[in-house]
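We just call them A, B, C and D in the order they show up, numbering each chain from 1.
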Amino acid sequence: MAELKGFMLPRTPGGRASIVPAPPWHYSGDVLTIEYRTDPSNVAALLPDGVEPAGDDPGAVAIIWADWQSCGDDGSELLDPVRSQYKECFVVVRCARNGELYSRCVYIWVDKDFALARGWYQGYPKKLGSMWMTRPVTVGRAGPRLETGGRFGATLQANDRRLAEVTLTLSGPSESGGFVNALPMLHSRWMPSIDPSGPAPLDELVTMRSRDVELGPVFTGGATIELFEAPGEELADLAPIETIAGYWRQVGATFSGGTLLA
Amino acid sequence: MAELKGFMLPRTPGGRASIVPAPPWHYSGDVLTIEYRTDPSNVAALLPDGVEPAGDDPGAVAIIWADWQSCGDDGSELLDPVRSQYKECFVVVRCARNGELYSRCVYIWVDKDFALARGWYQGYPKKLGSMWMTRPVTVGRAGPRLETGGRFGATLQANDRRLAEVTLTLSGPSESGGFVNALPMLHSRWMPSIDPSGPAPLDELVTMRSRDVELGPVFTGGATIELFEAPGEELADLAPIETIAGYWRQVGATFSGGTLLA
Amino acid sequence: MAELKGFMLPRTPGGRASIVPAPPWHYSGDVLTIEYRTDPSNVAALLPDGVEPAGDDPGAVAIIWADWQSCGDDGSELLDPVRSQYKECFVVVRCARNGELYSRCVYIWVDKDFALARGWYQGYPKKLGSMWMTRPVTVGRAGPRLETGGRFGATLQANDRRLAEVTLTLSGPSESGGFVNALPMLHSRWMPSIDPSGPAPLDELVTMRSRDVELGPVFTGGATIELFEAPGEELADLAPIETIAGYWRQVGATFSGGTLLA
Amino acid sequence: MAELKGFMLPRTPGGRASIVPAPPWHYSGDVLTIEYRTDPSNVAALLPDGVEPAGDDPGAVAIIWADWQSCGDDGSELLDPVRSQYKECFVVVRCARNGELYSRCVYIWVDKDFALARGWYQGYPKKLGSMWMTRPVTVGRAGPRLETGGRFGATLQANDRRLAEVTLTLSGPSESGGFVNALPMLHSRWMPSIDPSGPAPLDELVTMRSRDVELGPVFTGGATIELFEAPGEELADLAPIETIAGYWRQVGATFSGGTLLA
C-alpha cells in the first residue's frame, strides 16, 4: 500500500489534492489597519491561561482588512488566480507570556478555503465571510489616491449580516503601520476529541512570525469604526472606546512555519 | 483570567463564537447517491497504513450529493437558515481494518464554513465547492416526480472548474440505498506540526456512525457519471469502469461523537 | 449576413446564448408568504400614474420568499440544476386601474442571472440578493414538520446587509394562501433613453398572470417581520404596523407572456 | 399620487432604490486584454442587420478582463466598496456601419447586479460569471511585477463551468493597448414584447464612447487563450486561429450617455 501524501487533508496518492501545499507560503497584498481602544477587560477575556494582557495600553485592538495574492513555493496558483487571491478581515490584540510581548489574532474571516485551512494550521480562528475594502487608484475618478484626503471604507459580512464597517481618511505618510499587529503572533491551535467528552488532542500554544517581509510606504489617517451584534459572534463585545489611527500599506511576506511554545 | 469557551475556534469568553457548537448535530436532507466501480487499485491507493481494501467488490465507489438542513442541539440555527442549510458532494469507498468493514470518505466539498469545520473535526477532508442537485417536485412542470422515469442531475464545481456531473433516471422503489456508504466511517484526523519538519501532532484513525437515523423511502435507477481533471484535485483518478446504480432518499440523522481507533 | 437569434441578449447566430430562452417558463417551488399592514400612504407612494390604491385594505403588503426550480419548455436546465434553481424574496402590494384590482411587485431580489432577466422582461424590478428559508422536513430533527407548531424563518441580504427577516409558526391548514399576491400582476417595464436626457423608449404598463397553476396544501400561522434600513434601498419604508398572517405552500405554474395595457 | 423616481427599476418615491443611479458613472480599474484572430465568418455572424465586418483584419477579437472600482457622480459607493467594485470579462469585435468603424461587445459577464444593469442600459449583453485575473505586485513574492517576464492569468466561469482562460507574459512597454476595443461602441439594446409573439418594443442600435479617459502605462506581451464549450453559451464558436498580443494597463473613464443610431 502506497503512503498517503499531502500537507493537509485530503491526503492522497499524489499529494496534489491537499487543500493547501506545504509551506513556505508567499503573500503580497494591500492592508488597511484601524487601531482603537476597547475596555482592557474585553481584551483580557480573550486570552488563554498563562497569557497576560500587555502592560502598556492593554485595551488596544487592531481590526485589519487585507486583499491578498498568495501562493505556495512553486507559484503555480498565480496563473489561476481563483486559487491565489483572497480577502480577509481580522482582529488582533496584544498580550504577554513569560515576559515576552506578542500579537494575537482573536477573530478572523476569509473568503477562500485554502486561506481558511492555512489559518487553522497557524491558529488563526478563521471563519468564512465577505470582505470589501476601497482600493486606491492612479487614474480616473472612481477611487481615492494614496495622498492626504484619500478616503477608504472597508466592510465585513458573515452569515448574511454586516459585522463591521470602518472608514479611513488619509492625513499623510507615516513611519509606522501600527503597533498592535507588529509583534510575533501567539496563537492557540485546537482540535477537540472525537469523543466530545475527552480532552482535546490538539491544544497548543504556538508562535510564528513572517520572514522576508517587504513593506511599501505607509499612509496614516483618522478612522471611524462600527461593530454590529450577530448571533454566533462576539466581535461586538470588543466595543470601541476611542479610535487610535488607521493605516494603509502594501505588504509582502513569507510564512515558513512556527514554533511550539506549550 | 476567565477560561476560554467554545467547542472549536475561535474560543471566547462567551463560547458563542465557535464556528460550530458542540455535538450533538442534527441533520435532515435529500441524498442522491451514485455507485460505480473503478479499478480497485485506485481505491487501495487512498487507504492509510494498516487499512485494507474490502475483500468483496474492492473497486466500489459512491459519489453522493446531499442538500442538508442541520443544527446544534438547541435548534436555534433553524430559524436563521443561512446558518443551517448547506450542500455537499462526497466520495466514499469501503475498506477493512482488523477484520471490520468500514466506509471511508476520501473527498468532500461543502458550501458553508460550519459544515467544513464539522467535517475537519470528523475527519471528512472538506473543501469548499458549489453543488447542485435536481429536486423532486409535487406540483408544476419544473422537475421530476419521485416515480419511475423521474430524471435527476447533480453537479460539482470548485475553484471555477466543474469536477463532476451525474444523472439518475428512476426505475422504481428500492429496499437499499446503496452499500458503499452504509458502514461505520473510518476516517483520518490530521493536523501537521506548526514546525513543518516535525511529526503531525494530530494523526488519528477514528470511527463514527450516526444515531437516530430516520430514512425515507428509497428510489433507485440507472446512472451516468463524468469526472473532470483539475489542478489541485485527484478526483478524476477514481475513473469509472462501470456504473452500479443510483439512489435518492431523504435522511435524518444525529451525530454525537466518534471513537478513537489509533 | 445571418439574422441574430435569441429571445433576450446576447443575440447570436445560434440563439443558444440568450440569458434566458423564450417563454413558456415553468416553475415548481416552495413559497412562504407573510402578509402585514403598513401605512396605506406607503403603498400609494409606490404606484405609478393612473394607478390607484386598492379600496379595501389599501395598506396590505405581502413579503414572499420562494425557492424555485424552473426551466424553459424543453426542460433541459433541469438536469443541470445550477441553471434551474434560484431563490427570491419579493414584496407585493395591491392596486386598482380602470376598476380592476391587481397585485404589483414593488421590490424583488433573486440569486441567479436568468431569473433577473426574466424579471426585467416581466416588469419585476429584480436585484441580486441572498435569500434563505427554512425547509420543512419529513425525517430527522433538523427542521419543522408541515404541522401545527412548525416554525420557519426566512431572511434577505443584499450588498452585505441584512434587509429583512421573518418567522412563521404554523397553526394549521388553510384554504387561502393570502390575498395580496392573488391577483393579476400590474407591472411597469422601463428602460431609460441611451441619451439620459431623453424620454424612456420603454415605459410600459403590463399585466400578466400564470397559467397551469397547481397548488399544494396551504399551511397558515402567526408571523413576525423585521425590515432593516440600507443605503440604496427603500424597503424599510414599508414599515409594518400589524402582521396579518403567514402561509407556506408548494406552487407550480407556467408563464407564457403578458399583455400591454399602456 | 407622487411621481415615481429613479433612473432604472425599481422606481420609488425616493428614487434611491434604483439598481443604479443616473449617469455619469465613473470607472477606475485594471484591464487585461488579449487580442487574437478567429475565422472572420465567426465575427460576421455576430453582427446585426445593416452592420458590416471591418474591412481590415475582420477576424480580430479582443477578450478582456477588468477589475473595476466604479461609482455614480456623488461617489457614495466608494466607501461601501461592495457596491462599487466588480469584475468582468468581455469579448469585443470590430464592425462598420455607414462607413464608420466601431467596436462591439458581443459577450460579457460581470459579478454584480449594478454592473449588469448598467450593461443592459448600454447594450452590453451582460450575464453573471466569476472572473479572476492575476494582480501585479510591488512587494513580496506572490505575484508578477509590471516588467518584462511578468506572467498573468485570467479565467472566466459561469454556471459552474470554466468558459475561458488566458495567460499573458510581458515583453515590455507598449504605445498601444490594442486596436479591437479602441473605437466607439456599436451596441444593440433589446427588450422583447411582453406578448412574446409581438415585435420588440426596444430594438435600438446605439453608439457611445467614454469621456475623461485617463490611461496608465501599457505593458504588452505574448498570450495564450483557451475557450471551452458550455450549454447556453456560444463563446467557444469564436475559436482562436492565432494570437495577436496581450496588454495590461490601468484605465479611468466616465460614461455619461450615448446616442441612438437606429
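Keep this in mind: a contact is a pair of C-beta atoms (placed from the backbone, for glycine too) under 8 Å apart; a residue touches a chain by one contact, two chains touch by 3 or more.
Treat the numbers as computed from the prediction; the structure is a model and nothing was measured.
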{"item": "Each chain counted as touching chain B and chain C at once", "value": "A, D"}
{"item": "Rotation in the CA alignment of chain A with chain B, degrees, nearest 5", "value": "180"}
{"item": "Interface residue overlap between copies chain B and chain D, same or different (over half shared)", "value": "same"}
{"item": "Whole-Å gap between the CA centroids of chain C and chain D", "value": "30"}
{"item": "Rounded Å distance, chain B centre to chain D centre (Cα mean)", "value": "40"}
{"item": "Where chain A and chain D are represented by their mean Cα positions, the distance between them in whole Å", "value": "34"}
{"item": "Shared interface positions of chain A, touching two or more other chains", "value": "80, 82, 130, 132, 155, 157, 160"}
{"item": "Partner chain A, residues of chain D touching it in the complex", "value": "26-29, 68-71, 75, 78-82, 84-85, 130, 132-135, 137-144, 151-155, 157, 165, 167, 212, 214-216, 250-254"}
{"item": "In the complex with chain B, residue positions of chain A that touch it", "value": "1-4, 7-14, 16-17, 19, 22-23, 44-49, 51-52, 76, 80, 82-83, 106-108, 112-113, 116, 120-123, 125-128, 159-160, 188-198, 201-202, 204, 206, 208, 231-235, 237, 256-260"}
{"item": "For the chain B and chain D complex, residues of the former touching the latter", "value": "130, 132, 155, 157, 160-162"}
